[in-house]
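The chains carry the letters A, B, C and D, assigned in the order they are written, with residues numbered from 1 in each.
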Amino acid sequence: MDRLPAGAEEPGLRMYRVMAMIRAFEERVGELAEEIPGAVHLYIGQEAVAAGVCSVLRDGDHLASTHRGHGHAIAAGCEVEAMAAELYGRSDGVCSGKGGSMHIADLGHGMLGANGLAGGGVPLACGAALTARQRGTDDVAVAFTGDGGANQGAVLESLVLARMLDLPVVFVVENNGYAQATSAARHFSGTDMSARAAGFGIPGAVVDGADALAVRDAASEAVDRARSGRGPTLVECRAQRFHGHMEGWDNQAYRPSGEAERLRAEADPLALLRRRLTEAGQPADAGAELDRAEKESAARVQAAFDRAAQPAEPLLTALTTDVYAAH
Amino acid sequence: MDRLPAGAEEPGLRMYRVMAMIRAFEERVGELAEEIPGAVHLYIGQEAVAAGVCSVLRDGDHLASTHRGHGHAIAAGCEVEAMAAELYGRSDGVCSGKGGSMHIADLGHGMLGANGLAGGGVPLACGAALTARQRGTDDVAVAFTGDGGANQGAVLESLVLARMLDLPVVFVVENNGYAQATSAARHFSGTDMSARAAGFGIPGAVVDGADALAVRDAASEAVDRARSGRGPTLVECRAQRFHGHMEGWDNQAYRPSGEAERLRAEADPLALLRRRLTEAGQPADAGAELDRAEKESAARVQAAFDRAAQPAEPLLTALTTDVYAAH
Amino acid sequence: MRTITYAQAIREALVERMGQDESIVLMGEDATSAWGPTQGIEQEFPGRVLDMPITESAFVGAAVGAAATGLRPVVDLLFVDFATVCFDQIVNQAAKLRYMTGGGVRVPLVLRAMWGTGMRRGAQHSQALHPLFVHVPGLKVVTPSNPADAKGLMATALQEDDPVLFLEHKMLYFTPGEVPEEPYAVPFGEASVVREGSSCTVVAVGRMVQVALEAADRLAESGVRCEVLDPRTLSPFDNAAVYRSVEKTGHLVVVDEAHPRCGLAADVAAQVAQDCHGALRGPVRMVTAPHAPVPFSPALEDAFTPDAAEVVEAVRATGAGEPAPALA
Amino acid sequence: MRTITYAQAIREALVERMGQDESIVLMGEDATSAWGPTQGIEQEFPGRVLDMPITESAFVGAAVGAAATGLRPVVDLLFVDFATVCFDQIVNQAAKLRYMTGGGVRVPLVLRAMWGTGMRRGAQHSQALHPLFVHVPGLKVVTPSNPADAKGLMATALQEDDPVLFLEHKMLYFTPGEVPEEPYAVPFGEASVVREGSSCTVVAVGRMVQVALEAADRLAESGVRCEVLDPRTLSPFDNAAVYRSVEKTGHLVVVDEAHPRCGLAADVAAQVAQDCHGALRGPVRMVTAPHAPVPFSPALEDAFTPDAAEVVEAVRATGAGEPAPALA
């Protein structure tokens, strides 16, 4: 988890590195969207959620993600090179090219996978938490879901299950205001997920999802609760997606005009964290450090996609391997 | 709905008639359980819920029931003769013998059916409410579920849907303390369904399910809300099942010893309603009226089962009819 | 005749029937802002297109309840893969309600869904799944292969009193074709003979009809004349049309992009092996996707999906076009 | 040899493997107070039997996640019909996780469920559904027909690294049979020849093995010798064993109590029609339940379920036992 940065750095700086990498990755994916096969759902605007939550995870912990999973994967420590290759369906991709954007998984980094089914991954995270509970370790699991996916039966049932077994799981609802074109105001009917969680006996919190430090604090409390055997927590992160639901498909006519631009200007999680890390009282060279992080990310991402976009001989025998461990 | 009794009677007396009929029916089913094919789940102890709720329904309204559906069917107005025949799988049963105990349905009485899937019927009731909403009528629908079934995704999603569309539906959770052998205390983890409903933006109430008048009051308020376009309500009725989960299968070892007997003595909904209807201030002949209702019910039920148990020539051609309306 | 796309053809039937039948409502996630067949219908029929939260079990179940009580809901499931999250409501409720009530309930319900490979969406957005629905009694299963059938089959679906899975192949939406302007209905249970031939019967489903035709073209060059049948409705299935053709050709190939085990290709092949054994002059052949999930990699996805070369090979493997063996 | 029931045999394998493998946990509604194969296991392995709320999507999904991270969950779904409420977690998650990750995840998971007719439970508690699971790549599907296989197949299931649907026929739980006391495993993908014969191959699934044997007895009276095969595992499927038998007998009947369309009978029949055409000396025959939900009425349920008379008729209809037609 949170493996990009080196050892003893401040959490803020480490989160910034993660967020810069996510941003660089997603901006590049956006540029390449017409060329990348299939569908991509960008995480731009929500970086603070993945970075903040994963900043309190450690080896042995697990997370399950959504269709909008690149940010979670990067924050979990997945290599952007293997991810870029995966997006192109190459056999050297993190899932050998068989998964694609919507299925990036990497157990080595605790990443149980993006998921094509809204809410589909949430029970999987409960399962990782169950493993920890049964083994008596203090590992935890994080279940990410969007606001729309949070309405799914699988997610709501997971609240029941997690409470009944007191699973060490943290439910993170990334409320970015929309499920495709349907606003959260409509599909949540004025409720919020933390109030819902309370109805299931699960402590809930609502936090500004653009504020990495705030997300980290809330996640930290929730993860501590889970690690110490006090059961599940639900954290609703109010975030924003700066792009449409999916690249090349969504004209965002359902959004108030100018909303995305305004958000970029006013609610950019990177800008916010940068301000925090460079404000009075912080090291004088903090800004330069952040610039460097951005440059490095951009370069690494650029190289990763340059390589991934190279023509590659597909491994056609892979078509029918990995269906079973053994048959 | 509530069609057993004649016109201008007091609601209390009408409910008593319904409850007496349910009790007579279920006692007889219990006696015949070894002979009746398949599984039967008795409603004994919960009569006040079905009777109270259905007492405020009218033609055009609908209800969807559970695996424990006999009481709801009778309260909806289904004929016990056709139900008894159905339990024996006869072609003159209310579902031509193709449904059986777990699938008694009768659209003519607004009864969408018992259901073999825990929680499975709840969305169906939402659908009947949707029909009313789309047609602009003031009909309503009632969705019954047990406490165990209330944990199902289909039920929890229905809360989301009903609130978003402001459907004229009333969710009735019959919390009889157990889902098979698992106590509600465990599977609800100390929460209650009305608190859950609140988390979904749906007004909830908890009511004594042994008290028909209290159930009727709560149902009346909820149904009025639905009829007047103010959307869904959830009513949790704390009831008791006097029998095991299913006849001939459940040794009830999970229950505190003597619980069922104690409940019969202390929390019998018929005895409670009888007290209310015969207490000071009520008509002097009220008790006799209730006795008569019980006798009549018993006689009608006896005759119904005597007839249903007669050997009957099965209609084997029915095996492949009714699969489609037209093929 | 005027040419429109598959998506437009479906839309035309929807709009026409909604004009005739007030009980039709459209339901789905983002239904009011959907692209494709239902785009803009909300403006034409205000209040009859309903946005749903991501609660398939609840809203498909509600559609069943609404159908039982007088509406005729048309539910957009988006990708057919999502039918798995509301499978109980489809398989145990919608499909069985009529039977379980001895005919006491009718369920006029259309479940629309996109299916098939080709869009590089990976294992959870590219499945076929029609064999699962075909297996279940009480469901009708339809999948048009061209715009004219799409319009006519949707018109029929909207007048059925049973639940219909209306499966729209995602790679066909923009396929153009001649479509009559006036309303018409294509009956369920009638296969169409897309191309006549005498050497081998090729039954192909959905997008595979095009693949079969391409193979037929290639085979014609060497004098093998394929008769290509498009069943159009998978349940009910027009066995008689297949039998008639096999009686004539003596050979059968079935092409379907679902998986092989308990799939539609096996279904058709088995039926013919049982009922037309005497007519078969060689082995039946099934051309299907492999027994593997749909891979994301475009190269693998293409290899996954049956193509004309595989069909050509299969037709040859039946022995079609070879001189009949001399007697004794 | 000692005689125990099918339920006891399953229990024996569970207990034996739980003793060997600490990662095995049992999950299910009322798991700690269950009857049948898991009765009382909680006392032997405290803390390893977990009661679940009625939240199949959540707990089956949790079992998948637990399997991916090191446990070996055995989930009791009760009736297989309930698999429909968690179908996504079975079909899209458990079955596909390994493939979608290019082999990066293993999912050692056993989903137990009761199936089949006979208990008069009506349409939603009596289904077969195995064809649905067989269709889905990534799942393994097992259904023992007798106590000895039940023990050996469960032992294997508990050592597989793939999700296994372990389908227990509800009418077989109390069937007694000889079962070795020592641990042993019956490998997946190996059919068993239950009875040898030369006239007709009869492939029968689960409870239908008994029905096929009864039919074979009756047919033997008139000199028709059936070879009865029990595939035991439906996915993977031992095609080779069926082919070997059909090469010998020249005739095939498949008996399965699932529905006919896209069912297991069609699957086997089609495979034989494709790969053993030359050996077939008559039409294949499928004996299945009808294309109708399971009726409640006992008389109808009995008529629904294939019986020996139907199998006898089917074997005769293949032409088995008739003198080979003289050449020319």
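In the analysis below, a contact is a pair of C-beta atoms (placed from the backbone, for glycine too) under 8 Å apart; a residue touches a chain by one contact, two chains touch by 3 or more.
Computed from a prediction, not measured in an experiment: that's the story for all the values here.
Of all chains, A has its CA centroid at the greatest distance from the CA centroid of chain D.
Across B-C and B-D, it is B-C that has more C-beta pairs touching.
A straight line joining the Cα centres of chain B and chain C is 41 Å long.
If you average the CA atoms of chain A and of chain C, the two centres end up 37 Å from each other.
Chain A and chain B, compared by their mean Cα positions, are separated by 45 Å.
Residue positions of chain A with contacts to 2 or more other chains are 95, 97-99, 103, 115-117, 120, 151-154, 157, 160, 164, 186-187, 318, 323. The set of chain C residues touching two or more other chains comprises 53, 55, 57-58, 81-82, 84-85, 88, 92, 99-100, 122-124, 137-138, 290-293, 295-296.
Those residues of chain D whose C-beta lies close enough to touch chain C in the complex are 57, 81, 84-85, 87-88, 91-92, 95-96, 99-100, 122-124, 131-132, 134-138, 235, 237, 258-259, 261-267, 269-275, 277-278, 280, 282-286, 290-293, 295-296, 327-328.
For chain D in complex with chain A, the residues that touch the partner chain are 25, 47-48, 50, 52-53, 55-71, 73, 88-89, 92-93, 97-106, 137-138, 140, 160-162, 189, 236. Residues 151-154, 156-157, 160, 163-164, 186-187, 189-191, 195-201 of chain B are the ones that touch chain A when the two sit in their complex. Touching chain D in their complex are the following residues of chain A: 62, 64, 93-99, 103, 105-108, 112-113, 115-117, 120, 122-131, 134-135, 141, 153-154, 157-158, 160-161, 164-165, 318, 321-327. Only residues 37-39, 86, 89-91, 95, 97-103, 115-120, 148-149, 151-154, 179-182, 186-187, 249, 253-254, 314, 316, 318-320, 323 of chain B touch chain D when the two sit together in their complex.
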